[in-house]
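The following pair of complexes shares a single chain, chain A, combined with chain B in the former and chain C in the latter.
On to the complex of A and B.
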């Protein structure tokens, strides 16, 4: 059964996931090409000076990359389910409704996670070529909330897309939009260090939010 | 005979608008029952309640003895469901969709699916989204047949189909249901299609159930008499046997469950002189309109 669920979800998101991952790889490659360019033309001293004393974040172009990933995968995965109320087909499968949804959700989240891990791995690897470990660690602490934001966006979009009523969708979108800014606020490198665990837990809690939209759909809200 | 579906005191409202109140009906094992009603009388509402997509205001529906609001996976596996418009996963091709569904049903029988697909002019890798409505209907039907359910719930199966596909759909379905002793609960807005398919009917209107019986019994007992009254002073609608009455220019179309002799006696007793009195043979659609009215 789970194989069939994974198969269906893969068919829906595969091109979006592959396209997003490739673009992300290119983006990270371009980021470090820029870093290399900076070292070559501005000199290492100036780069270090701007990072250490002027608060420059060489990784800031990555800020919205995970968010875009979360949005893309969630829409690719859940929008087809709402066209013509196709989610009824899923609910009619001989499997618990919540179990089916959570399996779909888990597949989407794991796909997103694999993509994110690849990005973080590439980022760490390239960073270590140019910067000391301490600076790389601080950079990773700074980018982690952005990746958590990607997961939070994925979970929120699922909640919004599956919600049967437009006014609820609107409310969720407004609240969700404000919620996501928590992950994208601080411009200071490493500032999110103490908060990262909490931000992760918050995002994890959101993972079951779509069950509420599904419950409302099954009760006949429209 | 066991009841596969049993709905008791079903009441539902959309906001303050009542759809129906205390609706009761049963579908017995092996029968093909058509739910007929005008737009807005609650056909799709009933289908949604049966599939657990809508919680009624009160009352309950049982399928194989289980409340439809909490169907177990085992019971869901015994129900084939056709969504209005033959909706399926249109991002899949027919090979993919067969592979997808086969993973859920231990008794999956791919042969009927591929047999139906062979009649279509499509390739196994053609996406469902690129198919015509008629072809999609065959895909949806093929998947239900491969699932081999004990109960089929079909929501407006005629929608969007041309006459050829409608005929193909009905003939295939009826033959299958009768050969395998399957139970079917269906709605359709094309009554002629229902006439070819169903054994029993349930006609609902805004006031509740108008008829629940076998098609043969209904067609045998429900009659239409046409005549032209010469002295039209009595309000015939008040006659106790009149179910519905329609006037087209001078001609009266009277619908009743009573016999010709009772109608004629009433006319005589009330000194209503009529000409061209005749019983008109009806199809199911005529009878449905006669019972529910044109408006």
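On to the complex of A and C.
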């Protein structure tokens, strides 16, 4: 059964996931092309100096990339389920309703995670070519909350899309929108260090949020 | 499982609201506190206070001055204006004045609390201190101190082995204990000369490191036993009296004199590096030390040999003590912020409201929720946890439990 669910989810998100991942790869490639260009024209020492002492964040174009990924995959996966209330079919499968939902959700989250891991891996690998490990570590500390925001956005969109009442969709959107801002402050490089664990835990809390709106959806249908 | 997911959502909503609602409240109602600009006058040996928003100039006895009179009392600060106006004295206290002498003695230093609790770079450029050039050049490599000092070439991102070994050996021979706890210096070529870095090693020993003719210069500085420095800020003043201001873990302020490496403690009390901003104005006759805290400003005038000659303190109400603050403390039991004026780190900064007035408002929200439940003919027992959440978190909990309703759990 789980293979069928995974296949169904794959059919829904594949082109969005592939498209988003390709765009992300191109984006990271472009980012490091600008770094390479900067090294060639300004000199490595000036680039390092501007990053270390003048607040330049070479990775800042990545800020909304994970957020866009979370929104894209969540909409691709859950919006079709609300058209003609197709999600009801899932609830009639001969496995637990929550189990079916969590399998769908886990597939989407893992797909997103693989995409994010690819981005972070590429970012780390290219960064290590141009910068010493200390600068790369600080950069990763700074970009991690953006990726947590990508997951949080994915979980929140699932919650909002499956909610049956527009009034509460609005309420969830207000809370969710403000909640995401805590991941997207614009601080000094490395400033998110003390908060990252807490932000990760909060994003993880949201991973089962859709069970709430799905429950309301089911009850609303009965 | 659905119940757990709902309570997690309620928790996240409470946290979000505890960040957003207080922020919006203060954006709407906070009144700015205009701190006075205070300097010590070498003319009337008193502090001169400029209240910028009121456009008044006065001394500590309340004597009012015109702007021109005020500037004449501070000839070391407004020397260019006084020369233009033709009112610059030839000498003060028997010391003949000329622009060069005044300019050489002038210094200004500023330290904000959030500069201390901040992420620091882990790589620094080590300039050539005696290059023979009029201007300093940014070196091609940057150093880091881990188990040794390592110079990394920025163009290739590779360690320069020979240089790293040379400097590591020099530090090791002087008793440096790797790694470094703190590295302080002026990492910019925009300075008059290079004096390298002051480095605290892993045993809290203090070292001076610079590069002279491509060779290391390392000096271990005698530090009194038990003295630990929390933060060091190097300076580049024209008079070259000292290398740096050093701040101990007991909030004492030291200076490190140039060339003879004497640590001199300034008789300044009342400074707390975790929540005070510091300004130090130096001139031919005095140092004016300004400590700006949340609810007061303290000015200390020091003589050129660093003895206290006068102090002045002015206090004001904290925003929490003002009407808006009291209303805030009644409405909201706490606030959470991701940023702080006293730190550059992002954290969850929790502040609980003073007093217990918020409990009354919380109970009002509990009653309001009970009314809503009554109108819905809900079973109260199913909502006991929600009521407890509202009792504890007030408006945040009330909004959260109603945004994520549990009517389906009846």
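Definition applied: the second predicted complex is superposed on the first by the 219 of 222 C-alpha atoms of A that agree within 3 Å, B and C clash if a C-alpha of one lies under 4 Å from a C-alpha of the other, contacts with A are read in each partner's own complex, and residues count from 1 in each chain.
We take it that contacts are C-beta pairs under 8 Å (C-beta built on N, C-alpha and C of every residue); 3 or more make two chains touch, one makes a residue touch a chain.
Quick caveat, the model's predicted, so the values are computed rather than measured.
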Touching partner for A:98 - first (chain B), second (chain C), both, neither: second
Partner chain(s) touched by A:138 [first = chain B, second = chain C, both, neither]: second
Partner chain(s) touched by A:7 [first = chain B, second = chain C, both, neither]: first
Partner contacting more residues of chain A (chain B vs chain C): C
Which superposed partner A:209 touches (first chain B, second chain C, both, neither): second
Touched partner set for A:125, first chain B, second chain C, both or neither: neither
Which of chain B and chain C A:219 touches, first, second, both or neither: both
Chain B versus chain C as contact partner of A:80, first or second or both or neither: first
Chain B and chain C contact sites that coincide on chain A, given as residue numbers: 219
For the chain A and chain C complex, residues of the former touching the latter: 39, 43-49, 52-53, 98, 128-132, 134-135, 138, 145, 159, 168, 171-172, 174-175, 178-179, 182, 185, 187-195, 198, 202, 205-206, 208-212, 215-216, 219
Complex interface listing, chain A residues touching chain B: 1, 3-4, 7-8, 11-12, 80, 83-86, 88-89, 91-96, 217-220
Residues of chain B touching chain A in the complex: 48, 51-55, 73-74, 76-77, 79, 81, 83, 85, 87-92, 96, 99-105
Contact set on chain C toward chain A in their complex: 1-2, 4-6, 8-9, 11-13, 15-17, 19-20, 118-119, 121-125, 138-142, 144, 152-157, 187-188, 338-339, 344-348, 400, 403-405, 408
